[in-house]
Amino acid sequence: MRVDGRLPDQIRQVTIERHYIKHAEGSVLITVGDTKVICTATIEDKVPPFLRNTGTGWITAEYSMLPRATQQRNQREATKGKLGGRTMEIQRLIGRALRSVVHLPTLGERTIWVDCDVIQADGGTRTASITGSFVALVDALHTLIERGTLEKMPLTDFLAAVSVGVVNEVPVLDLCYEEDSSAKVDMNVVMTGSGKFVEVQGTGEESPFTAEELQNLLFLAQKGIGQLIRTQKDVLGRVGEYVGKI
Amino acid sequence: MRVDGRLPDQIRQVTIERHYIKHAEGSVLITVGDTKVICTATIEDKVPPFLRNTGTGWITAEYSMLPRATQQRNQREATKGKLGGRTMEIQRLIGRALRSVVHLPTLGERTIWVDCDVIQADGGTRTASITGSFVALVDALHTLIERGTLEKMPLTDFLAAVSVGVVNEVPVLDLCYEEDSSAKVDMNVVMTGSGKFVEVQGTGEESPFTAEELQNLLFLAQKGIGQLIRTQKDVLGRVGEYVGKI
Amino acid sequence: MRVDGRLPDQIRQVTIERHYIKHAEGSVLITVGDTKVICTATIEDKVPPFLRNTGTGWITAEYSMLPRATQQRNQREATKGKLGGRTMEIQRLIGRALRSVVHLPTLGERTIWVDCDVIQADGGTRTASITGSFVALVDALHTLIERGTLEKMPLTDFLAAVSVGVVNEVPVLDLCYEEDSSAKVDMNVVMTGSGKFVEVQGTGEESPFTAEELQNLLFLAQKGIGQLIRTQKDVLGRVGEYVGKI
Amino acid sequence: MRVDGRLPDQIRQVTIERHYIKHAEGSVLITVGDTKVICTATIEDKVPPFLRNTGTGWITAEYSMLPRATQQRNQREATKGKLGGRTMEIQRLIGRALRSVVHLPTLGERTIWVDCDVIQADGGTRTASITGSFVALVDALHTLIERGTLEKMPLTDFLAAVSVGVVNEVPVLDLCYEEDSSAKVDMNVVMTGSGKFVEVQGTGEESPFTAEELQNLLFLAQKGIGQLIRTQKDVLGRVGEYVGKI
Amino acid sequence: MRVDGRLPDQIRQVTIERHYIKHAEGSVLITVGDTKVICTATIEDKVPPFLRNTGTGWITAEYSMLPRATQQRNQREATKGKLGGRTMEIQRLIGRALRSVVHLPTLGERTIWVDCDVIQADGGTRTASITGSFVALVDALHTLIERGTLEKMPLTDFLAAVSVGVVNEVPVLDLCYEEDSSAKVDMNVVMTGSGKFVEVQGTGEESPFTAEELQNLLFLAQKGIGQLIRTQKDVLGRVGEYVGKI
Amino acid sequence: MRVDGRLPDQIRQVTIERHYIKHAEGSVLITVGDTKVICTATIEDKVPPFLRNTGTGWITAEYSMLPRATQQRNQREATKGKLGGRTMEIQRLIGRALRSVVHLPTLGERTIWVDCDVIQADGGTRTASITGSFVALVDALHTLIERGTLEKMPLTDFLAAVSVGVVNEVPVLDLCYEEDSSAKVDMNVVMTGSGKFVEVQGTGEESPFTAEELQNLLFLAQKGIGQLIRTQKDVLGRVGEYVGKI
């Protein structure tokens, strides 16, 4: 029995509220249990120097937590004057994951800035950020189509992420903060709608793990991601049907 | 007639949702028209060096905007590696304003960190931050009283803030972003529940103003702040009755 | 009776020495009592990005104190690696105040950098900086006229600033450091030669103030600024006559 | 056939030269093909704040490349004034990986600083850093035992790392730079001497991968790491026998 | 004939005005031709960590130029967020030079902060800083003696500095900016009252120099420093007699 | 007798290994006793802004030490976020020294980046950096000639550097770390193949020195540099014959 009464293979309740910030081309509030993240997607009509005059676009992501998103207040990185290693690692992961399902030449020479701001944290903020910002990205791209700027949706597939881990010797799906703190193995998995892996990041700092444990965890992740993608499809409705038509 | 149909002396609709972030001792979401700010108050059991062993506490504030709170995306200050002048000015103002109604020796040797994070901006973010964070502060201090840590509420009075300005030659109350952009005179006013001024910051960069214009603006501000304080009292209910009993 | 024997409505002795730094287009040493500030105005033939190709110029200001301008040595901001909030606030104020009397299209696409460096501090450094740098600005602009670069003086009016405050329950004009430290209300006022307000920044952190107190302080400020502008006119002589002829 | 003539499951030639820097408690030069990394281990008799008075030690790692370790010169991070995201990610990985085989309470209240400086880069610098710094760590800890400071070796197992990837549709082991640039899937794997996983970091930014591909890559990694650990044992000789006796 | 009519072995006019800043324990305005530097000496009752509990004091120096001390305005290092190499080099030189004539154990566990701020620059700012700050240092130490804090003056000798160089093939003394810009060899020399060298820094970036040229330059420097030390003795009067009595 | 058994006028054993890093246009490992420095020279086809469209090239140098090059580990400057004063001073010296023997117009509009990374330090790292990077520079320029990019070698002369100092009252040549720590006078000298001085930097912080001592030290330096230049010629062989043919 898990700390919040869930079964080992059960994800937390997920809601995704679209059009959350009125100024952004795409924006959602995703809640996964008590974890809440605002994800926005902003379109900019230029690309980083290395892509200029290539006809190819770019997706880049930034991640931050409000100082009191956590149980103890964290000092702001803006006040410290630099980003921490954890933040950099997470925003690199989000950007890489999203790019894996975007056909960048179809996007054309524009950058999409994805901002993930954690309002309240209870474990799984990086995976919720990926799952939520995929929906914000769909909305932002759909805006471009509606404006006639883009002819077709440059997304090749759906994309979502979940954490898995070994807690009290049991492989479990979608860890809350309390579970995460005591997990011996901790893994973040990003997958596409067609069931392929985009990122697998497993860490056994506390205790190395076997090939069999790895299999069990990947199996759980696959199950959870399937459910998350169903939620994305539900909230996107007809707009979601553009995805993968490329 | 104003851009959103209000009368010159009419404030926008205000709501204050308490207990918005589960981890914080005090937290609200304040919405003033389309401006939305999350304000949290965090209690820390130590004080800055200059107050050690004085038996006196401190209130400090930090302010930030999500990158896409505004019409154009703003680069994060954490990414730039430093706080801008506007941010510093605003967080100094919030801290100073709140301290004016806190009896710091009654607070004792603890610091209250007030964090104001603008989720969506449509003018008046600094004044909404003050009005909202006063409520978060009351809740955080009330938590200390309930825990038995504090004997009485160290707040001497209520506190709220509003902007006023001269738009199209007419003095108006509570400017939205569009009005703010075209205002000739722009003023932020912070007042107490008993109608005294805590801060008056008026700027006529576009056009210097007369003593009479100043009077009219202060009169409008007084009216608006009265309404804001009534809203604070409504949402605080019985907890608000502790304020000023010192 | 005030700490230095002045009457409540009496300003300190003011001198403004023009042409203080040989390299600068305009430069003064202003002394207000024991406060001494070097103000220089430098002309640069380009504008910030947001003004390019608009035909419009810009005025920007920077402010600093020598480490030992004060009773206790302050660490240099260059050594700390960043500007403090107080510095940013002051330099934003100086720039905004000066711009209020400059007709920027007449200035044309050039930037004037105003540098205020406090050599010795005894209260009122920001207001002395504004009063002094206005004179440096006149000299720098006059240089442009003499060179034939500028046809007419882009200054619409004179400009000066003074502090006022409530010390020992008495409203007083032009506070020295000792008074400033014990003031209950502290206000900086910037006004034009024609008696209009450009900035009013009043703070009652120690003790909120009434509308009546505010009136008294503004009245004192008006008197002091009148005297400062007379001093500016005296030292500028015939060059001062160009001001306001636009 | 691979670009340098190797078979898909063949690692590059590896040499580990111990005692490379005379001042360090442990130091090696590891060469893996044309990749060369100096790894040093420095013992410091204090721990980070969060471990004080816990009797427990800490391992931390830093990673850097000489500017001309690569084909194009890279700007120094010291000159830029900040560490890049890639550097942070790598040094967090190295530290985490090494800590997984150290029994920190046996180490006692001391920190071991592991420095990995890439002299010449040709792919796989992070995995070479882990494999090399494990040997430097053994030497540094052995120094403590010889000095009588430490009673027994706090290492629970051997540790090495290797990269694997899918290049031209073929899963290959130990990618050189040219292969790495064109790999569709890229994975870094860290394992212990007893064949358990410590880190699995697989990325399919270019092309998501299947569960089967993942299996094949992990299988290759396991083979490569076995060989690397045999090399570690060879160069360590009798000193290596202390490892795992805890 | 030199650009300003001086003979090759003639220094510019030098004045040293003591007690220039009222707050500092020692302070002077030194003018050497058109070069003007404010030098202050501040006493602090603690030492850097490496000297704690050694009974030994420390002298440290900081150097800066006002932005418009030069013909072209220089960006402030505080605005850039870091000190440039030239500034670091100069402040290290000033500190090292002053320490060479201070008996640090006699000073006791206190630090003297020497601040050199260039108000107007016309060549030789680093040497003027050393010559001027020696006088400020004497005054600051004399203050300690008068307060009874220090029993005797910890200065072993007088100290001054001058620049020399080869301009138009002629070795000249005390270069102004115009000469410095066209000098083929440029040398800064610091010497004591008893005619010994403390620093010799000669650079022939434009054109390497012979041993004979070096001799001629050192001979000129010796002459100039003799005159500077006579000026120091004149302005210090009886206070200067304490120097060297150790 | 010196600490390592050398005579006062004897330099340590010097070796220079060319082509040390495969990617760089020029690269050496220089060892002077136990001091080891990797010097690389990188050619970039652009120049700093102040040289654009002048037809003239530039040489710039950067210097760093691995954290454990020294007896105590030094914190990385990349981690601190800024370069220290010592580093800046040294890299300015190396750049200036190398430029003194390069005819920059013959180099044409390109920059050569010289990187000196100290792998192991035992005194004299800055002089070894200059001596070693001269050889790397020759190789990089020779590469340009071989590619046909450059018609002739823009080097006017050979260049090397050595330290001298007064240790136990005896003037000695090429100080190791232990000698350097106890030297009363410390001097770094850079000279050309034709025996002219490029830089003379002597410091008597511990004890001022006489003109005679200075002569003795310069004489020793001259001898040492002669030997170093012979070593450079030996290792360069026929490539060295291009130097000075301009």
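Which chain is which? They are A, B, C, D, E and F, in the order written, and residues in each are numbered from 1.
In the analysis below, a contact is a pair of C-beta atoms (placed from the backbone, for glycine too) under 8 Å apart; a residue touches a chain by one contact, two chains touch by 3 or more.
Just so we're clear, the structure is a prediction, and the values are computed from it rather than from any experiment.
Traced through touching neighbours, the fewest hops from chain B to chain E number 2.
Of all chains, C has its CA centroid at the greatest distance from the CA centroid of chain D.
Between chain A and chain F the CA-based rotation angle works out to 120°, given as a multiple of 5.
Chain centres computed from CA atoms place F at the largest separation from chain B. Annotation: the A-B interface is duplicated by D-F among the options D-F, B-C or E-F, judged by over half of the residue-numbered contact pairs being identical. Inter-chain spacing, taken between the CA centroids of chain C and chain F, is 51 Å. Each chain gets a centre from the mean of its Cα atoms; for chain C and chain D, those two points are 60 Å apart. Contact of a single residue of chain B with at least two other chains is seen at positions 81-83.
Starting at chain E and stepping first to chain F, the touching chains follow one another round the ring as E, F, D, A, B, C.
Per the touch definition, chain B reaches chain C in the complex via residues 82-86, 88-89, 91-92, 96, 99-100, 157, 187, 191-192, 194, 196-211, 214, 218.
Against chain B, the residues of chain A that register as touching in their complex are 21-24, 27, 34, 38, 40, 42, 44, 62, 64, 66-71, 73, 76-83, 87, 113, 115, 117, 119-120.
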